[in-house]
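Presented below are the structures under discussion, each in the form of structure tokens.
Two complexes come next, and they have one chain in common, chain A, joined by chain B in the first and chain C in the second.
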Partner chain A sequence: MSGGAELGFTEHLFKVLVIGDHKVGKTSFVKRYVKNQFYEELKTTIGVDFSMKVIDWDSHTRVRLQLWDIAGQERLRGLNRVFFKRSSGALVVYDMTNGSTLDGALNWKHELDSQVMLKNGRPIPAVLLANKCDETKVCRRNASLLEKLCQEKGFIGWFQTSAKENINVDEAAKFLVKHILQNNEESVKEEEQNMQINLKQQSKSNSTCC
Partner chain B sequence: MWVSPTPPQKKKKKKKSHQVGIEQAVLHRQQSLPHRPVIPLVARMADQNTSGTPAMSEREASRLDKFRQVLAGPNTDLEELRKLSWSGIPRQVRPITWKLLSGYLPANAERRESTLQRKRQEYFGFIEQYYDSRNDEHHQDTYRQIHIDIPRTNPLIPLFQQASWQEIFERILFIWAIRHPASGYVQGINDLVTPFFVVYVFEYIEEEVENFNVSSLQEEVLRNIEADSFWCMSKLLDGIQDNYTFAQPGIQRKVKALEELVSRIDETVHCHMQQYEVEYLQFAFRWMNNLLMRELPLRCTIRLWDTYQAEPEGFSHFHLYVCAAFLVRWRKEILEEKDFQGLMILLQNLPTMHWGNEEVSVLLAEAYRLKFAFADAPNHYKR
Partner chain C sequence: MTHSDCLLQACQAEIRKPLVDLGVSEYSIVLTIDSLVDTENEISSGQASDLLSADLTLFKQIALDLRRSFPTHRTLMGDRPEAIEGQAKLFRVLTAFARYNPQIGYVQGMSYIAAVLLMILSEEEAFWALVALLEKPKYLSELFDATLTKIQHQALIFHHLLKHRKPLLFQHLETLGVSSVHFIMQWFLTLFTSLPCWDSVLAIWDLIMLHGLQAVFRTGLTIILLLESRIMNMSEEAAVLPVLLRVPVDVSQHRVLIPALWNTDVQEWEINCMNRLVLEEAIGGQDEEKVNKESTKDCTSSLSHGQQDEKPSQEVGRSTSKKAVPGSSTKNVFTRLLKVAQHYLLESGKYSVPAKRSPALVRLPKTRISTSFTQAQGRTRRSSSRRSQNSTLGEVKKEQLFSQDSDAGAAEDRHVPLNERNFIPCPKTASQVQESQLI
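Then we have the complex of A and B:
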């Protein structure tokens, strides 16, 4: 997924899923993040909506994010496999003003883990987003519940966000990208190690050959 | 960002050039301003060549005459009506023609009034019987989803934000959903009410609908429009129900068929998309689920449906060829894109906003050609 390093400059391309129940604000989150716009009413997403965000991460790293905003209505379990494959991370969204969508988010996380994983077998990094936080407040009890849920269900963290008021949108995405980049580095290292082992083995067998 | 591939409405009469200018300005504004513009989807929706202009071309007048002749007799010759309708139905006779072609109205003129009365009573009987159950435990999820989706059906058109329209749409969809438990309500079905509703409203108003106030219609009239829209939408959905049952098998099958068809008619385009790992499901799912309504302006959908209702199995089968023609229509733009994201963004935002009858007619002619050329080919996809 990463581009060649030329003069120390690296470009990465990552696929990030945006999933969760219908009407929790997935599309609004993406529109805010990508275009910095908000609409009161958007058309319902059918299938998947695709968009791109380019981030100049630091002076020698550029990240291109493919955002896959997946329709929330549970109808297409079979299709999720097609839409989920080869993703590097996920934003799992629920609506703070509608408690049942938190259960929905956990189901989506479960579905995600059953469909995709990292090369080393670990789940792909996923951030839990408590969206529409402009309409309500997370009380302390909730915060500790979310903390606990994150640990139990394997989220790397949670944020309360508002696409409407532009709260924590960039921060949550940044947090996810940071983890994706870390995973990427680790897997590159692992690959290098594997390659060195292979090379050693090869040179061994070569030497016996000569 | 997108440059229109075809000049907007070249053959339009001179009188209209001012309007085209406005449209281009709107188009331009949409691209440059962050605010969402109000696009004149409805104003020029019904029949752009006649609405708003007093003068009808001779050809149009003679077409309208032919329709009136076919419709005048005591028994309408449906075959003849289909033939005429294939190339578009004049606005003035569209409501009755749609009702006849969908099978909602009988060909026998004498029986029409009583049929309408009976069906309208039947629909409002359903409402009386079922609508109160929308807050019951086993129906509340369905109702809640419909309720949430209605304002998200046509957010660009102010008309559809009026409360009384939204209530009508909610009733139509809820009754349909609980009477069809195998599919229930599926997102996308909400879009399919709009064309019927808009066309049937035109039966009662002369002015442009853009800023039309629903409550100015008589209650009785509004009830009739509601019942007629319900029944005609039901007829449409009967033919494509497996699009909306669990796992949407109809759509999955049609997307596969589309892929196979395109690989046969334009290998270059097909291979180009394969090369960049674009899967048909990623963009064509919506084309099937919403019958291209998300890809075309409403006025074009209405024109498209003239033909779908005239064509045997228009919605369930001919649509596939239309989708293939639609994809290949963008071959130049597709081949210019050299990566996955460019292709996906193109395919999900095809620049059809300026499209009108001419573009749809060209599309339909090409679809017809494809159907003719491929329907009987030995290895070709068959239903």
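Then we have the complex of A and C:
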């Protein structure tokens, strides 16, 4: 998933899924994050929508994020396997003003984990977004509940966000990207190790077979 | 007409009852969606019947899409009386359809189609037009179903169509990892209403009304051909997908897209052949799995049988990663494809079927075409029956549909139950495959 290094400069390309129930604000979140714009009325996403965001992470790293905004009605419908393929991370969105979408978000997370995983078999990093936080306030009980849910369901963290008021949008995405980069480094290291092991094994087997 | 009146009214009355139970009307549903959410929570905690809960899910789903279908059209935008009425009409048409045909219910994308119909027709006409579009094999009966299986199948058909028409472009898209399902869903399920030029959309709709599903493929192919040079110069998925999902104005404008559409031809038999290919691939994939399974038979446990059963449906959904179809079955497919094509050409040469069918000329040649297809299919059927005795029933249904299909959606097919018209056969389960191998 990472591009070639040139004079110490690395460019990464990551596919990030934006999933969650119908009308929880996935497309709005993406529009805010990518274009810093907000529209009251957006068209229903049919199938999948696609956006790109380039982040200059630090002086020698550039991250190109592919954001796959997946239609909310498509849950558990066989299509997800096609859409989830090769993704490095996910933003799982729910609508704070609508409690049932939290259950939906957990189902999406479950679906995600059953369809994709990292090379080392661990789930891909996913952040839970409690969107539309401008319309309601999280009480403390709720916050501790979310904290607990994150641990139980394997989210790397959660954020209260508002695409409308631009609250925590960048922060949440940054948090996810940080984890993706970490995973990436780890997997590169693991791969190198595996390569060495494979080479050793190969040299052994070569000597036996021919 | 009186009969149809009653039907629509009956459907609407059925819808109104749960609405009344919820204490809302179609005029207030958008505004009361939040309180509906509370009701939903009450329902899920067991305070109401399952039936109402299903209704509520449907109402919510549709209500959420009312303002999100054409958010800038005056009959649907904002809170002005005209828009409130427009949204209520759209709600009534969509809920009535979901009640009229519960097997399909409501699938996202329908709101776009119904909204366009409502822009042109009266409410009742729009309802029946929607019924005709979504139920007739000539039109979109093979696009919409509750599980979105059909649209995935159509995406695979498009995938093959592109492969045969434009191998280089196809190869390029394949290399970049762009799967046809990514853009076909949006194009087909909204019937191209997301194109930025409305005059083009209306012209495309005219063509679809004339030629049905075939025109949907034709339009899709035209758009991708117009984008061909651009796509060929792109080197990553991230560049290609936005162009396909948001077709640029310079391509979708009337004076570019429509002439190109006239110059692009997609024949019904071509789509039928591609359909056959997709089905063959699905079955071929299973055979391959079967072979794999045979070779590792010693280590398979009863548990893996269950897993195997799930595979076929996944196989149908897969669009790009199918490369390793066994050589022999590929050969068979192409021989068969060639035969079907030859048959068609011979027959059409004999009876000189006009490319554009005018209603007066249609009758005689069309029956000939359908028999010729049936013969060709008979051959296929014989060979496929060797594979599975169990699928004979499915094949007969397929054939029925086939003649209906070339019958340009005759009026009587209203009486055929929907599930019988579905000519995508359920993939055989592994156990069935195994049985047939034993025979």
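The rule is short, and it goes like this: the second predicted complex is superposed on the first by the 194 of 210 C-alpha atoms of A that agree within 3 Å, B and C clash if a C-alpha of one lies under 4 Å from a C-alpha of the other, contacts with A are read in each partner's own complex, and residues count from 1 in each chain.
Everything below uses one rule, namely that a contact is a pair of C-beta atoms (placed from the backbone, for glycine too) under 8 Å apart; a residue touches a chain by one contact, two chains touch by 3 or more.
Computed from a predicted structure; not experimentally measured.
J.: Given the superposition on chain A, are chain B and chain C in a clash or a fit?
T.: Because the two structures are overlaid on the shared chain, the partners are seen to clash.
J.: Of the two partner chains, chain B (first) and chain C (second), which one does A:41 touch, if any: first, second, both, or neither?
T.: both
J.: A:22 contacts which: chain B (first), chain C (second), both, neither?
T.: both
J.: Tell me which partner A:81 touches in the superposition: chain B (first), chain C (second), both or neither.
T.: After superposition on chain A, A:81 lies in contact with chain C alone.
J.: So, does A:50 touch the first partner chain B, the second partner chain C, both, or neither?
T.: In the superposed model, A:50 contacts both chain B and chain C.
J.: So in the superposed three-chain picture, is A:99 touching just chain B, just chain C, both, or none of them (first/second/both/neither)?
T.: A:99 contacts chain C only, not chain B.
J.: With the two structures fitted on A, what stretch of chain B runs into chain C, 42-50, 96-104, 150-158 or 204-212?
T.: Between chain B and chain C, the clashing stretch is 150-158.
J.: Both chain B and chain C contact which residues of chain A?
T.: Chain A residues touching both partners: 22-23, 41-44, 46-52, 64, 66, 71, 73, 77-79, 82-83.
J.: Touching chain C in the complex: which residues of chain A?
T.: Its residues touching chain C are 13, 22-23, 41-44, 46-52, 64, 66, 71, 73-74, 77-79, 81-83, 86, 97-100.
J.: Which residues of chain B touch chain A in their complex?
T.: 34, 36, 145, 148-149, 151-153, 155, 186-188, 190, 246-248, 252, 279, 281-283, 285-286, 289-290, 294, 340-341, 344-345, 348
J.: Under the definition above, what is the set of chain C residues touching chain A in their complex?
T.: Spelled out, the residues of chain C in touch with chain A are 34, 37, 40-41, 44, 61, 64-65, 67-72, 77, 107-109, 111-112, 147-149, 152, 177, 179, 181-186, 189-190, 194, 236-238, 241-242, 245, 313-314, 317-319.
J.: Can you tell me which positions in chain A touch chain B when the two form their complex?
T.: On the chain A side, the touching residues are 22-23, 35, 37, 39, 41-44, 46-52, 64, 66, 71, 73, 75-79, 82-83.
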